[in-house]
Amino acid sequence: MIVAHKKDSVVLLVHCKDRKGIVARVAGFIHDFGGNILDSDHHTDEETNDFLMRMEFATEGLQIPVDDIPAAFAPVAKVFDMRYEVRPLSRRTRVGILVSKQDHCLADLLQRQRRDELPIDIPLIISNHDTCASWAELFKIPFMVCPVTKETKPQQEQQVLSLLKAQQVELVVMARYMQILSADFLAQVGCPVINIHHSFLPAFIGANPYRQAYERGVKIIGATAHYATEDLDEGPIIEQDVIRIGHRDTVEDLVRKGRDLEEIVLARAVRRHIERRVLVYGRKTVVFD
Amino acid sequence: MIVAHKKDSVVLLVHCKDRKGIVARVAGFIHDFGGNILDSDHHTDEETNDFLMRMEFATEGLQIPVDDIPAAFAPVAKVFDMRYEVRPLSRRTRVGILVSKQDHCLADLLQRQRRDELPIDIPLIISNHDTCASWAELFKIPFMVCPVTKETKPQQEQQVLSLLKAQQVELVVMARYMQILSADFLAQVGCPVINIHHSFLPAFIGANPYRQAYERGVKIIGATAHYATEDLDEGPIIEQDVIRIGHRDTVEDLVRKGRDLEEIVLARAVRRHIERRVLVYGRKTVVFD
Amino acid sequence: MIVAHKKDSVVLLVHCKDRKGIVARVAGFIHDFGGNILDSDHHTDEETNDFLMRMEFATEGLQIPVDDIPAAFAPVAKVFDMRYEVRPLSRRTRVGILVSKQDHCLADLLQRQRRDELPIDIPLIISNHDTCASWAELFKIPFMVCPVTKETKPQQEQQVLSLLKAQQVELVVMARYMQILSADFLAQVGCPVINIHHSFLPAFIGANPYRQAYERGVKIIGATAHYATEDLDEGPIIEQDVIRIGHRDTVEDLVRKGRDLEEIVLARAVRRHIERRVLVYGRKTVVFD
Amino acid sequence: MIVAHKKDSVVLLVHCKDRKGIVARVAGFIHDFGGNILDSDHHTDEETNDFLMRMEFATEGLQIPVDDIPAAFAPVAKVFDMRYEVRPLSRRTRVGILVSKQDHCLADLLQRQRRDELPIDIPLIISNHDTCASWAELFKIPFMVCPVTKETKPQQEQQVLSLLKAQQVELVVMARYMQILSADFLAQVGCPVINIHHSFLPAFIGANPYRQAYERGVKIIGATAHYATEDLDEGPIIEQDVIRIGHRDTVEDLVRKGRDLEEIVLARAVRRHIERRVLVYGRKTVVFD
């Protein structure tokens, strides 16, 4: 795992309109405080003139407490009218997981976390069913069942929100939650929400994508991890991957092959998010690998 | 190339509703006439009960002229109410190519044919522009320019049809032709038409799929070879492939990366078709690899 | 899962030298006893003249008990000097798993088995360490620790053999066992052994393949599932897959990315084996997909 | 094509041992002369402490002639003991191509160059056979035949060297040249040499890799583009890619499928080299995508 290897480091994410001198100014800022830049990457969208940058620097030798960096950087940010985030990678991200009946993505995330592939804390798993309770028990993570019906959805969402906020969750992962989160929920949750959709978006939006893929006779299926937005299946895409299928594959075979994709694509998206490699702008993401 | 290796062989393609005894009966038919089965594959769609089969057998030792096989097989076909085709693989398929301004798929097909990767004859290339004339000249293939406008489309299609029919074309390949063939044309052409679409269908149907993909921010793009039908981009898919893209890729980079995909996917589809590995049923194909 | 879908079926695997009439004769045999062929595939190696075939037929309507098929088929086999196997797919394969300290392949197989992706019974897990005991406990499978040192290896192997034989294991899976099984062990075990090697064989044979790959600077790494033979890493390959890496990936990143590959490649190999889709001849396999 | 899109730009490649402040100092240097950084990427090898960086900046507004940048940068380079290169991307790289009888990689490179995918000039094609002369003629590029035998190899290499030097070639591409260049040749040529090897290195080093792959029964084959060094097939790898094969594929099928890989992998490697995205250190490369 990268984090374990490197000495302690801080990520600075920056988004502004492109102008001359940004890289030099930000690199100078870090250097002036004694930081050693370990990794830097930036991207300029030539159509929109958006400038997006990620710099990772060592905290060793830093002449300023990490918690003071945001304030110290504020004047630089003001000059370029930047949106920015400062994140020490040693601070583990608090992740709340939403799950329904299918357990494979949940089990996969829990195993990756336990073997330190994903440096996250999981204070809470919430489900509308109790099917996955044994996984929570095995990994000793609090598990809350919040059943939902069409009628009780608003109240259930408020309940879920309270639980997440009580745990100061910084990221919500929909690990095959199978419920659509309302615009209200997304507006109130106060942190990013990552969803895994079981198709190669924008193909096969909506219900039963494996059945749709089967009927269309495609030769390849996919999975897509994206940030949830109020437009269903339209959120900014973080990661996609695909697998080849053939005419012998039934819908059940597609579901089976798709499970492997869903796990891997979701895990990659979560990993990139918590390493602060993803920046959203417009309907798109920049992923600094 | 498979064909060059094997002794001369015949493919029998069969499509009917599934019943007991089809494989035994057809294998028995071939054996009774002294044929040695080199390759056999079949598929039963359990949802629709369609039975689709491909058998390839050596002509060496065959006690019946190849041209008499269809008639000899007719009684068997009648018992099972089969649609069938008998094709000696040594008989090169006559292919007419339609092309517009972009030459990469055309040039690719011509080179594959010349190095005997594709055992086809190309009696004719037709284009609505003269851009690709030099390729035709280099490979010594007749090249016809049939310009088209919205107004002249019906007449132009009749002209194209006459040219193809005069050459007894058995397959039409749209090598980035960029024109939509009318339902009339497809009804009259009398042979299959393969098109290459520059997206991972059903994503990004219609115009400018690379621009659409860029704006949606997908992480993977694709290409799709399918039989042309009157429903645009809805024909049975023969082959698809994909390539990973990133945020640094402009629309022009997608076009460039896509060209490689288009060439390869189209060539694979043509190859499978001319080796009689593809059977269409409903909106789907079975591809016997 | 295929098995759940289809009515109960039997697989007949056949290996002999190629001659005219094999397909017709075997299909006729099945048909004569009232079997309906669901799937058939065969391959002739033109260099060696080996003929390898897999036929799957429904047991419904079969006019002979499944257990009598081998004897009934013996006369046909004798004519063609065939090696053959008859296997009802409803009979779950008994699999013994060998594992060392790393748990990911074991955990993956157990989860696939529980969700009925792999129709196998696992009567026994054996390890030279107790690290994976909790997985065995969770899935309620007997777990035996057989520690091994250089000196005690012969005795330990005898102990492992006794345990496997007592459970009438039909397949042994080395789920990252990290020990080399002796030629003696392989000669006595009496069933196939599948190993997962953490490289794209034949690249990086031997110890520390991820470190080797890192130092060579390859751009892609892989994993290979193969039958274990006395020549280390030289057994017939069943399945391989790969993933792209970059210069930012440390050895630890390769290990992490490789884990996903190892799980998937091993699971595919086991699945194909238990569905009797794999035939070994010489140093190679035929895999009927 | 990236180059066409961006305003004119310059790449600065840097290699030194890692120290604090390199990014800030180099970015400051560019900024001080009025350059706008369009793209920057760097990598630190934590095991060897090598620091490798690529910065691309716009020439528009630059207050110094491009040709004076190397001298202006020299003091910075001295401080950090840097190896560096300054390259305006508008300056097309002069590429000499070596080819033998097989034409596919040559034809592919020529077509990519003509459609401006590869912003290179090709002043010369050299072959030990005259098979590819028609391609040179079609693209109006001088074509020299330099036959070679075991006995005449030293003289032939001197002849090839003279021809390349006379054209001030900056990169030599072995487009399936099938001859091993001597250590002498490589020492004298004075520019990088890219070779395409038709296997997934380090698997199947040496002659007939497709035959080797066939006999080993691998399920995936590959191609590798690397810088030629005096240790055959051991040079730093620039790019690799793979394709799945099956038991039906003969050696000829592997050759056919491999051709597509060879073209694509070689073209990608050349593209990355001429865009100055590749830095060699030790036996490895860093490729800044």
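Lettered A, B, C and D in written order, each chain numbered from 1.
Just so we're on the same page, a contact is a pair of C-beta atoms (placed from the backbone, for glycine too) under 8 Å apart; a residue touches a chain by one contact, two chains touch by 3 or more.
Just so you know, these numbers come straight off a predicted model, no measurement behind them.
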**Prompt:** Can you list every chain in contact with both subunit C and subunit D?
**Reply:** A, B
**Request:** Superimpose the Cα trace of subunit A on the Cα trace of subunit D, which carries the same sequence, then give the rotation angle to the nearest 5°.
**Result:** 180
**Asked** So which chain is the furthest away from subunit B, centre to centre on CA atoms?
**Response** A
**Asked** For subunit B and subunit C, what's the span in angstrom between their mean Cα positions?
**Response** 36
**Complete:** Where subunit A touches two or more other chains simultaneously, the residues are 5, 39, 43, 46, 246, 248, 250, 289
**Request:** Answer with line, ring, star, complete or other to describe the graph linking chains that touch.
**Result:** complete
**Asked** Within the complex, which stretch of subunit B touches subunit D?
**Response** 1-2, 4-5, 39, 104, 107, 111, 115, 117, 138, 246, 248, 250, 252-253, 256, 260, 264, 289
**Item:** Residue numbers on subunit B that touch subunit C, as the complex places them
**Value:** 5-6, 20-25, 27-28, 30-31, 34-44, 46, 61
**Complete:** Listed in rising order, the residues of subunit B that touch subunit A in the complex are 43, 45-46, 200-204, 215-220, 222, 236-242, 246-248, 250, 283-287, 289
